[in-house]
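Just below sit the structures, each encoded as C-alpha cells.
Each of the next two complexes has chain A plus one more chain, namely chain B in the first and chain C in the second.
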Partner chain A sequence: MRAALTPERYVPAGTLLFLLVLPFLLPNPFYVHIVVMMFTFVILGGAWNILSGYAGQLSLGHAAFFGTGAYVSMLLVNHYGTSPWITLWIGGFAALLLSLPVGFICFRLQGPYFTIATIGLAETLRLLVLHFREITNGAQGLTVPFKGNSPWQMQFDSKLPYYYIALVLAIAVLWITRCMEGVRLGHYLVAIGQNQEAAEALGINSAQAKRRALALSAFLTGVGGVFYAQYTYVIHPDSAFGLGHSIQIAMVAIMGGVGTVLGPALGAIIMEFFIQSTQIVFAGQYPGLELMVYGGLLVAVILWRPRGVFPWFDRLYRGLIARLPSPGRAA
Partner chain B sequence: MTDNVVLTVEGLSKHFGGVQAVRDLSFQVRAGEILGVIGPNGSGKTTMFHLITGFHRPDHGTVTFLGLDITGLPSHEVCARGLCRTFQVARPFPDITVHRNVLMGALLRHPDPAEAALRAGQVIRRVGLEAHTETPAGSLTTIDQRRLEVARALATEPKLVLLDETMAGLNATEVGEAIKLIATLRDQGLTVVVVEHVMRAVMSLSDRIVVLDQGTKIAEGKPQEIAEDPRVIQAYLGKEYRRA
Partner chain C sequence: MDLTTFLQALITGILMAGIYALVGIGLTLIFGVVRIVNFAHGEFVMLGMYITFWLWKLWGLDPYLALLVTMPVMFCFGVLVQRFLLQPILRAPDLAQIFMTVGLGVILSNAALLGFTADFRSVKIAYAEWVWRLGGVSVPVTRLFAFLGALLLAGLLTLFLRKTDMGKALRAVAQDREVSMLLGVNPERMYLLAVGLGAALAGAAGGLIVPFFYVFPTVGAIFGLIAFVVVILGTLGSVEGAMLAALIVGVAESLGILFAGADLGLVVVFAILVVALVFRPSGLMGAR
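Right after this comes the complex of A and B.
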C-alpha cells in the first residue's frame, strides 16, 4: 500500500526540505545568522507559549530561565570543559529547578501575581549576576574562548552546523507543543486559560497543570539559553536577564498567535525580519530606531490582530492545501 | 435511614465582613432524590453551594460526602470525588467548541482524549445540544449555555450534582424542557440538588425542599408541606401562592 501524496503531506515535507537546503541558497553567512536567530526565537517563543499562550498565564520574566541556562552552561564549559551537548540538558534542568518554587508559590493565587513574580525573578537574577563578579564576571559577562573547529565543544568554523542544531531544536519545541496539545494537560491548560474557576469546578487541578507547564516551558527556555550562549560565544547580564529580552520572547508568541503550535514560528520570522531590516535600512544612523519600529509593530498587532497573525496564516494555508493537486488521491 | 445519605451538611456558617451569609445550616441529601433549595435573593443559597464545593472555606461546620469529610477541600478535589456543581451565571469556555467544553469535564474520568471525546459526545446528546457540537460556546443562547453547564458537570460523572439556578431567565417552554432534563437525570440514578427561583420547577421536581431565609434554614419538607408552611409563605412565597 502506497501512502497517498496529498497536499497535507507534501507541503510540510516540502517546507522541511526547503529548510534543509536553505543555508546553501542564502548568499552569505550573515543571512544564515539571521535564520539561526529566527530559529532561536522559535525555541524561546515556543517554550513561552506552552504556559503563557495555552494557559493564559502571562510571563514577563522568561529571560530568567533563558539566562539561567546560558550562565550555567557557560560556567560549566569554562571551568570544567563540559561539552555543550551535555550542558544543553544541565542548563535546561537548572531552569526547570528554578521554575519549581515560582510555580509552587504563584499558582495558588490568581491574577497578575505570576506576571509580577516572573519580572521580579529575572531582575533578581540579573542583580545577583552583577553582584557576584568573581564567578560571573559582572557586567562584562562571560565569553567562551574559541578553540577552532571542535564539534564536541559545539564550536564550528562555519555557521552551517549551528543552523542545523537550531533547526532541530526549533522543530523539537514545536513538536513537543503539538504532542502536548493532544494529551490531557494540553486540554486542561486551554480550559484554565479560558476560565480558571470553571475549570476547577470540573475537577481540573489548575495549580498542578500550570506548574507542569511552567516546568516544561522553563526547561525548553533554558535549553534555548544554552544554545544561544554557545552560538554567540558571549553572554551579558542584560542580554540574558533583561526585561527587554523577556518582552521580546513574549512578543514572538503574541505576534504569531498564542496557544497555537505554529504561532511562535510565524512570530519569530516576522520579528526577526523587522528587526534586521530596520537595522540594515537605517544602518545605525539612528540608534534605538529599531526598538521604536518594534514597539510600533507591537501596538499594531495588539490593536488589529490580538490573536496574532496565525488565523490569517491558517486561512491562507488551508486555501493553498485545498487548491493544490493530490496525485495519490485520484480514484 | 442514614445509610443512603449522600451529603450531610452540619452547622455550616460563613460571614463576609459584617454579613452573616450562612448561619448554622444543617441538612442531608439522600441517594436518588432531588432536593430543592429555595429562598429569597441573598438568603445564602449560592454561598451554600460555594461552601460545599470548596470555592469558599466555611467559618464553622462540616460537609460530609459519601461518608468522608470534605470540608474546605479545593474545588477540583470535591469534583474528583463525585460532587459537581454548575454556576448561576454560566461560565463556558467561550472560545472553544461545545464539544471541547464538555470534553474538559470528561477528561477527569477518561484521561485519554479520544475516549473522553466519545463520552463528551454522549453527554451532549443527553442534554440535547447535538446540533451545536461545533459551535463556539460563547455564541450559544442562554438556554443552551445552561445546557452546556449541565453537560460539562455530567461529563465528570458525578454522584451528586448541584444545579445553581439552571432555569433563571428561561421562558415557559424552556423551563418545561429543563424540568424534563433534570427529571431524566434522577431517573438515571443521579442525586440532584437544585437551587431555583422558578417555583413551578421546584414544586414539580423536588422530592423534598429546604427553605433558606437570611442564611438560616426556616423549613424543610415535602413540596406540599412547604407550600402550606406559614413561615415560608411569609418569607418567600407570598400569599398569592397559597391561593394558587
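Right after this comes the complex of A and C.
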C-alpha cells in the first residue's frame, strides 16, 4: 500500500519545497541575504539550544566557539589555500577541542557560576586575538580575498549557493537535535536540565552527558562560524568573540523556545525579521534602537512567555494539521 | 625593571581595587539577599558615569558633589528594577533569572548608545592633572580620591549592615529568609533595599571614576566582567570576600599590564578566575 498523503507528511514536505524555491520568489539579493542570516542564526541558536536549552547549562560564551571556528578556517584558507569545504570540519573540530578543557573546568560549576565562566572564556579569547596581531591582524580582523566564482573555495558570484549551503546546515542542526531527542543522551540532558541531583540519583553520569552536549554544541557552533566567515568574507574579534554576539545567539533560542527542536528556528525568524525591519523603517538613523527594543522583547518574553513562542506556534500548527484534508486516508 | 616602576604599578592597582570593591560589593549584596546575579551590574556603573557626566556638562556640577545626586537616583532605579523586573521572577528557573538582567543590560547599553551616541566623553576639571609625588612614585589625585571615596562608602555600608536594625534585618534575610520572616522582617522590602543599595554603590563607583575614565555606552562591560571575577573569587554573597578579592584583582590587573602588556591585564585577571574556579570553586570565603 502507498503511504497515505496525510497533513503530517505533506505540510513539512511542502515547507521544504517552499524553502527550496524561496530565493527565486524573493525580489532581490538583499532579501536572500536576510534569509541566509536567519539560517545562520538557526545554526547557532540550535547549537546553543542543545547545551543550554536541553541540559540547562546556560552559556553566554558561545561566541568563543563561533570565533574559534571562524578564525581557524580563515587562517587555513588564507595561508594554505585549504578549501572551506574542508575547513568547515576543521573549524568545527577546533571548537570541539576548545570545549574539552572548558567542560572539565566549567562543569564543576552550576547555574550563574557556569554562565560567568563561559563569559570569561569568550572574553579571554577576544583579548588574546586582539593581542597576537601578527597572526590575527588584531582589531582589523581577517578578510578572504575574493577570487571570483570558484566553488572549491566556496566563493560564488551569486547569493544562491550560500543560501542552499546555509539551508542544508540549518536543517542538519535541527535534524541532529531531533535525533538527539530520541536517543539516551537526549533523555539524560532533559533530566539534568530539570533537576541535576535527581538525575544523578537515577544513576545518570551527568558530567559525561554534559560534556557530550557541550562538545556537540561547540562543534556545530564552530561550523556556523566557518560558514559565516566564508559568507561575509570578513571576521573581527569584537563581532566574533564579543559578549553581544553570545547574547544574540542565546536570545534566538529563548525567544523561540528553549528545549524544543523548532524553537531556535522560530526565534531566528523573529529576530532577523525584527532587526531588519527596524533598520529598514528607521534607515539606521538611530544606532542601538534595534537591539534596545530587542532586549525589551527578551525581557517581555521572560516575564510573560517564559517558554518562548513555541507553545503558541505548536497550537497553531496542530490546529492547521487537524483542519487540512487527508486525501490518502479518504481514499 | 626598577623598583619604582613596580611600586607605581602596585599602587595603581591598589587604588583601582577600591573601585572594583565598590562595584563587587553591590553585586554581591544583591546576590546575597535576592539570590539573583545581576548581569546588568556593569551597565549600572555606566549609568552612574553618564549621570555624573551630564550633571557636570549641563550644570557644571563637580563630579564628587554629583555623588549626592547619582546615588539617590541610582537607588530609586534599583528599587524599580527589583519591583518590576526581578520580583516577578524570584522563583523562576535559572534561565529567566539570568536572562532577565542580561536583557536589561542590553536595553541599558543600547539606550545609552541611542541617547548619547558612541562618543567617548570625559569631564574637564581643574584638578584632573594634579599628582601627588611619593618618593619616585606619582599618584594622580583623582585616582586617590576614587580610592578614598570607595573606602568611605564601603565602610559606611559595613557600619550600616552591622549596627543598624535595618542592616541587621538585611543580613538576616540573606542568611535565612524563613527565619527572618518569623522574626518579623518583611523580606520583599529588604529585596528592594538590597537592589537599591547595590545600584547606588555601582552608580557611586561610576561617578568616582569619571574624573579619570572615558564615558561611553559599552564601558559597563569592563566593570561587569571584573565585578563577576571579584564576587566569585570572594565568594558570592560575602562583602568582606569581595573587598579582599578586589584587592587581588586590582593588583593582578596592574601587574599583568606591567609584565604582559597593556592589552593583557584582563587576561591575567581571568586566568586567576580559572585557577580559583578549579581549586576553590566556592571562593576565598566559601566552605571547602
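Here, the second predicted complex is superposed on the first by the 330 of 331 C-alpha atoms of A that agree within 3 Å, B and C clash if a C-alpha of one lies under 4 Å from a C-alpha of the other, contacts with A are read in each partner's own complex, and residues count from 1 in each chain.
Methods note: contacts are C-beta pairs under 8 Å (C-beta built on N, C-alpha and C of every residue); 3 or more make two chains touch, one makes a residue touch a chain.
From a predicted model like this one, the values you see are computed outputs, not experimental measurements.
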Touched partner set for A:N195, first chain B, second chain C, both or neither: first
Contacts of A:T124 with chain B and chain C, given as first, second, both or neither: second
Which superposed partner A:L289 touches (first chain B, second chain C, both, neither): second
Which superposed partner A:H187 touches (first chain B, second chain C, both, neither): first
Comparing the two partners chain B and chain C, which touches a greater set of residues in chain A: C
Partner chain(s) touched by A:G111 [first = chain B, second = chain C, both, neither]: second
Partner chain in contact with A:N205 - chain B first, chain C second, else both or neither: first
Residues of chain A contacting chain B in one complex and chain C in the other: none
For the chain A and chain C complex, residues of the former touching the latter: 52, 56, 58, 60, 105-106, 108-109, 111-113, 115-117, 119-120, 123-124, 127-128, 130-131, 243-244, 247, 250-251, 254, 258, 286-289, 291-292, 294-296, 298-299, 302-303, 306
In the complex with chain A, residue positions of chain C that touch it: 37, 39, 85, 88-89, 92-100, 102-107, 109-114, 117-118, 217, 221, 225, 228-229, 232, 236, 261, 263-264, 266-267, 270-271, 273-274, 277-278, 281
Residues of chain A that touch chain B when the two form their complex: 182-184, 187-188, 190-191, 194-195, 197-206
Chain A contact footprint on chain B (complex, rising order): 53, 55, 74-77, 79-80, 84-87, 91-96, 100, 103-105, 107-108, 111-113, 116, 152-153, 155-156
